[in-house]
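Dropping a structure here in structure tokens format, bear with me for questions.
Here the chain labels run A, B, C and D in written order, and each chain numbers its own residues starting at 1.
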Amino acid sequence: MTTTIPKYSQKPICVVSGVGSGTGTGNACARLFGKRGYRVALIARYIESLQAAVTEINGYEGGEAAAFPITQYNKAEVSRVFKEIKAKWPGAEIRVAIYNTGHRVAKPFLELTQHDIGKCPAAAAATSLLSDLSCWANFLADRASEKSTDESVQTNILGGFAFSQEAILSFREYAINELGNRGVLIFTSATSAWRGNPTMAAFAAGKHGVRALSQSLNKEFGKQNIHVAHAIIDGPIITKITRKTFGTPEWDTNPDIVLNPADIATAYWYLAHQPRSAWTWEIDLRPAHETW
Amino acid sequence: MTTTIPKYSQKPICVVSGVGSGTGTGNACARLFGKRGYRVALIARYIESLQAAVTEINGYEGGEAAAFPITQYNKAEVSRVFKEIKAKWPGAEIRVAIYNTGHRVAKPFLELTQHDIGKCPAAAAATSLLSDLSCWANFLADRASEKSTDESVQTNILGGFAFSQEAILSFREYAINELGNRGVLIFTSATSAWRGNPTMAAFAAGKHGVRALSQSLNKEFGKQNIHVAHAIIDGPIITKITRKTFGTPEWDTNPDIVLNPADIATAYWYLAHQPRSAWTWEIDLRPAHETW
Amino acid sequence: MTTTIPKYSQKPICVVSGVGSGTGTGNACARLFGKRGYRVALIARYIESLQAAVTEINGYEGGEAAAFPITQYNKAEVSRVFKEIKAKWPGAEIRVAIYNTGHRVAKPFLELTQHDIGKCPAAAAATSLLSDLSCWANFLADRASEKSTDESVQTNILGGFAFSQEAILSFREYAINELGNRGVLIFTSATSAWRGNPTMAAFAAGKHGVRALSQSLNKEFGKQNIHVAHAIIDGPIITKITRKTFGTPEWDTNPDIVLNPADIATAYWYLAHQPRSAWTWEIDLRPAHETW
Amino acid sequence: MTTTIPKYSQKPICVVSGVGSGTGTGNACARLFGKRGYRVALIARYIESLQAAVTEINGYEGGEAAAFPITQYNKAEVSRVFKEIKAKWPGAEIRVAIYNTGHRVAKPFLELTQHDIGKCPAAAAATSLLSDLSCWANFLADRASEKSTDESVQTNILGGFAFSQEAILSFREYAINELGNRGVLIFTSATSAWRGNPTMAAFAAGKHGVRALSQSLNKEFGKQNIHVAHAIIDGPIITKITRKTFGTPEWDTNPDIVLNPADIATAYWYLAHQPRSAWTWEIDLRPAHETW
């Protein structure tokens, strides 16, 4: 268990997606990995908070971060972003990639819209709004109202596939480092990856899909010294959003009942630096008093 | 365990999707339920075989079947089909719905196209071809070449959501029958719903999603006396296609190693007629000698 | 799905253990299998109710049943009982064996005694009481008070191993019947086989062990056409005991919330007569309104 | 993620069981925790290697270790050992307890003896040999021949229960430390805790039981700030024994295919020092190239 990074010819890159809130798991990872020697590429759909995190990390001694806005986690967009990341730091290697994108949908099954479940038929191309205006309008409305943002299957599964392909295609170009890997891909997941529940059909389908993806990749690419891991986050995380929604005065100071993003980041750091003889596919993380 | 159907004011309807091959699980179910007193609505994207099954079932004493072609299992198309089914047999109740649609994708992860994984951005609306021509062309090409057909996430998960909403909305209108249910929804699934594997990332994500969906629905709607079940089919099924692909002269006469669709249909019949005090969510079915 | 038994040179035997209450799953199986053509061997530690079930089954047209008391489900005792069963009906084949023995322990972990968890060191041999008198006395006291009876690990796992060995050793001698099996072994299990919970450590360890056993056996002996299945019973079953404990006037007439043993027996009948091309390892059974 | 231990009034104790080989997981944990500030109590049935590890740890700067031989992991013996540990270091707190005891049985089901599966009826009390001499003789013979040693259910489950009760009873007396726990209990487990397989019935039943136990305890005692974790070790570990059995000249120098006990110990260190807002119940560890 090391707090120093492996040796590379130049400072390596850690890509983190889903940092929109500016306060959750993705941001905590960006800060920790940024502080300990990685260049950090932050990807998000909501860009207000993006620059603040970049500025903070760039303020660390030796800190280097950059923001990469994305409109949707589809193949084309994700490819474009990975190309921009490589162009930003020529010759640097992407050694850690954290797919932390997702959106929680919890509503009675019969109230789920196609938008909640899957993707807007035309959401892939912002220019083809006309092909399904009502869905897209709905998407924009949700976004405007800050109530909903994206959709479970698109965000979790299809986005996860696109992100994984870009990450693994990058990793395959690199030499095995002193820890024994060419790269590490980590997925942020949830208890809904283990079981379905009333009102959770859409979210559970998305997270089950992520779990299947991560397990398949772990088995397929372990032999190529690419490490794929899946983190079950079980419980409320302290973020700007949850604080507003669930918070009480003492809520976010009680680590027995809420997950501190910094503690999740520590777990991800450990996963990202395990020696090759003992790699983890799945880890679960929950507060001490969480009922499960 | 009964081989006679519950009493209804008129002959009830069993909806079966995914009957394209004319020889697999869906068709065996259609034949069995058609023989034992259900009107059978057959839904498929590939219509060549559709009429043959309908003709056969209509030839049974009292047999009644009709074909309902569909272009894709999205919300709009599935809604249209359910409306047409109800219009075909006015006043009859849809008491069993079998979502048997799916497509197996098995290829190295980096060879997966967006098309394999998810849906064509514009596939939902056949009229909006222009929005993503290359994907749609690919879809048509696959279909023309009979090599691939649809995509794992679209077919398994998004299609499953649309089908489930239509089925459950129908069931909720009906009285509880003598077995204790308002309707029974059964999903055809696979071992990939339990675990990911190399080359199976797309298929496993789809089937994991189906499993999550079915479990969430079972828990949400059991209390409304709607029964949702999930069948893990583990092993090769004798169909026109597998016979061509895997068959040896003796292959499909050896029930120790291949699944007979008629035996799967028997299991579905049992699931569809369990008394309310002992309902099954998940059952697995495999040949005696299958390694697992 | 048949309600008639396969053809044998003489009437076959169905062995059912755990029929002590006279009213639960084991008894319902005994009645159903006895009515439909099996000789039924009833095994139990508590013999008061044993004779009543035997008498009832013998009263059926063609019914044949016999009681086989046992002191504990250990190797020696179980072997003895299987020998006695074969001696009772010379030449008849044991084609179905249902291990329905178990005991539910639910108490705070720190209150669990060694007796709850494992077996009395000397319980195996009623004659060696002196080797651990306090445990044995405790056992007898529990038994006398009808509060507890046996222990989770001994009853579920060790008893299950002994019973399985005897059943499988018998099955291996027989020809493959028209359904494609030499014999069918079914375990009664519980939701605790899927997950541990507070106060359920001992019971969950036992049922997890049963599940592992049944899965290992299914995989090892399927190739020899021996079918092993595992039934998760999730919810309260109507028995003499639960009626006393949980019952309200309307309780046991509401199949939405309680399992009817007769319905479980129907599921076991289906499992015991599946054709070899589509065998089930695991099935779950719960009332329509059960929360899970 | 810290490499320094929390503050206590005096040096705390880490109890590690199953250190018989002198070279495996238990020993690596003892060395790591011994080096980083814990007094280490080593428990084992096979005492030849026990003293060597103690001597090595006592040779570290500030190292303190002691050996606690045990004849069997039953309640009486485990209680005695915990008492001796407390007597050895009066006033010191047992803050970490690692149940690393187990024995792998892999043989065709019908060749399993009662001894492989469960415990000798009289093994609990070495003085009551007479109660079941043949089993006990078998035990001694196995031990003498170094072929088998103990039994799956006794060692994994019953021993695990006894060890857990002693550990938790100790933890409950302590204050919450700066990491947020009163104590941490970790179980060494195996892939057999996730699935049964041919020839693995006895081992899988044992490890499934351990998993159920650990999950139940995690849920019951998390609320009391006692952390219980379960580690799935999937693959061959380099030990004196596996080196003799599987080793080739290059075998144990290839971390892509064998687990290094020191890397497992690092994972246990991380588990034992997670902050309370993000505790792990289950982690899996396997070499990069392991097929699973």
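Everything below uses one rule, namely that contacts are C-beta pairs under 8 Å (C-beta built on N, C-alpha and C of every residue); 3 or more make two chains touch, one makes a residue touch a chain.
Predicted model only: the values in this text are computed from it and were never measured.
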Chain-contact steps, minimal, separating subunit C from subunit A: 2
Between subunit B and subunit C, centroid-to-centroid distance (C-alpha), Å: 35
Separation of mean Cα positions, subunit B and subunit A [Å, integer]: 33
Inter-centroid spacing, subunit D versus subunit B (mean Cα positions, whole Å): 48
Two or more partner chains touched - positions in subunit A: 219
Chain contact topology (line, ring, star, complete or other): ring
Touching residues on subunit A, where the partner in the complex is subunit D: 1, 3, 180-181, 219, 222-223, 225, 227, 255-256, 258-260, 263-264, 266-267, 269-270, 274-292
Contact footprint of subunit A on subunit B as seen in their complex: 74-75, 108-110, 112, 114, 117-119, 121-125, 128, 130-132, 153-154, 157-158, 161-162, 164-165, 168-169, 192, 195-202, 204-221
